[in-house]
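Sharing a structure with you now.
The first chain written gets the first letter, and so on, giving A, B and C; residue counts start at 1 in each chain.
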């Protein structure tokens, strides 16, 4: 409602008064209706919400549980269990040597959390027990995640979760979205155990991830990426193969670090143009890092 | 838009009139724009919708079909087919002895409908033919459901659907949600055939269900539940195992009725704290019953 | 906000001025808040968006890439790759003889795109390489799609994508939706290779598709369809079988063209009544064609 619009309304109201059409009762109802309208103006799209959470951290309320570590972008929550129940331990299929587990779960994003967890296993005495990818993103086209770290000591598990949460603002940097879909790019100069677990990529080598949704955009991004530089395809996933029926194509590549980075950037640029053809200009969730 | 806001607008408009900036044309366009704004104020989040449907039953319009039985919370619809077509009968894989089927389908919720159906099979001469769990909840983290009752007589099938719909307000009682996820707890002192079919739990014994989404919260709820009381794990499901890629951990337990109830309540309390760390305070869809 | 409402607001404002309650500062803030409210009025449900895209084509911005062909209803994008990278070619499992591929991807709809692609393979020298169905519809109950055409010449691939996009407004004609779910009907007098690939239906014969979501509605539509006319069931899919865990029942039928059409129409009519029992009257996305 711009000021011109307000003026028009004012004119209309004045005309109605002049012609005697106005009724003065039920004022309260009217004001309540308008208040409702204002409340609805708080409806925001997911990406905007994500940014707000990041900037303001307004939902970051410690629930008074020692197991709670923190929260992050994408409805990510980090938890730790010092001594997991033995029956549950078995039902979850966790190796007996891990008494303690760290837990990272999220509604939106799997790549950012996996890349962040990869830094965490480099920095701590933990292992990746499992990475599961629910079909989620709260109505979006991608995945959420459930990542379990195993540790012999609870302080290691907690540290791994802390490092993961701390890395998230960076690893969400090349996640772009609009109403029609999303793009995700990741790059690591040296892949570690989380990347190996999730994508089968070789440890110690450069690793790149190029994701486009809807999946058609991902196909084009993948083709552009592999044509741009001399990289090796580690995995190609699509709605029926390697995803949980998400509407994505996911290309995982390895090779010389310069080539991988170049390929990822080329995929990103074509993806941004194509996603823009379906909606608004895709914007980064935080700040691009690649 | 509170009254103070209205006052400010009025002042702005008055200032514009005084300065001669006002244009009186296009009044109709302005009024239409405002009408649109009001229409949009009807946009509500899912949980609120669910509550409204329950309270007002305003969508409860009988469509004039004998097969229609009724509707319920979670976009649940109940139907009955007296003599299912023989070719379809075979394609659906239904036992030949059942001429009639009762149908419960929903966009949101599987646990509440399964628990309600469990009461229905206790109360009627029907069997559970199949329980299917689509990945749904309208953008949420969980499942919808499709439950088929088999009966030799159509009146039994109809009765089973009626009982299920009638039980739903109760079985939605310990379903809690906010924008970030949901929690679901269920308890039965004596499990029957629907619970057995869905979770493999022993018939005639106490049964409990503890669900958290995002799945990380469910892990912690499960650990808390099994540590609280001496219960046996019937099933542990997660995004890649036992769910339709939902972002949930689902713990099904059995044992002494007091212990099961105690475990479920303990899981609920920790779940509410953790989900609250990601968003608003989770509230019950109807009234808690456990 | 109807005109009566505006009048009431005006009265309220006038009363406040008279009583001296009005504050004239912060006018800018107020105007900004109202502008926000107007912006939010652009929030629309998906079906409405789909209609607008169709009518106005306002998102149709060519991204300046030769590979871009066009966009369509349901966040559909059409692309073409003249010479797909050989390593990617292998990772995607595409037959070596196809140097060029055409790509159709969408967030919403699989049936409409498959039916449109069926006309495209009839009209061009292309084959259907793969049809994948992500669980999508942006929080709705159904699928999106990723369809790959293979061609020896890029002009054929491009032509297939163009024909598919051009057919979409027709094939979305019998897609009906409301907040609670959706219905989809399709009919072809002569099925070709896309329909065969997707549903296993016999080429050259009449083909019909009857889909209801939530799945319970689809069961009733299927029963009605097969009872109405002498048709043969080609496939019956449900949340756990033949779908990507969508909340749909999908009935594919073949037979005499008149019988197939009659069965599809009968399914549609019962579906519209049932979906209406859960929400608003379901409306066609474009114009019904069956």
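The criterion applied here is as follows: a contact is a pair of C-beta atoms (placed from the backbone, for glycine too) under 8 Å apart; a residue touches a chain by one contact, two chains touch by 3 or more.
Values in this document were obtained by computation on a predicted structure and should not be read as measured data.
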Contacting subunit B as well as subunit C are chains A
Is the contact between subunit A and subunit B built from the same residue numbers on each copy (over half shared) or from different ones (under half shared)? different
Rounded to the nearest Å, the gap between Cα centres of subunit A and subunit B is 25
What are the residue numbers in subunit B that touch two or more other chains? 1, 3, 5-6, 9, 12, 31, 33-34, 37-38, 40, 43, 135, 138-139, 245
Under the touch definition given earlier, write down the residues of subunit A that touch subunit B in their complex. 1, 3-12, 15, 31, 33-40, 43, 59-65, 67-68, 71, 75, 77-79, 81, 84-85, 87-88, 91-92, 101, 103-107, 132-136, 138-139, 144, 146, 148, 244-245
Can you list the residues on subunit A that touch subunit C in the complex? 1-3, 5-6, 9, 12-13, 16-17, 21-27, 29-31, 33-34, 37-38, 40-41, 43, 135, 138-141, 180-181, 214-217, 219-220, 222-223, 226-227, 232-233, 235-236, 238-241, 243, 245-249, 251, 270, 273-274, 276-279
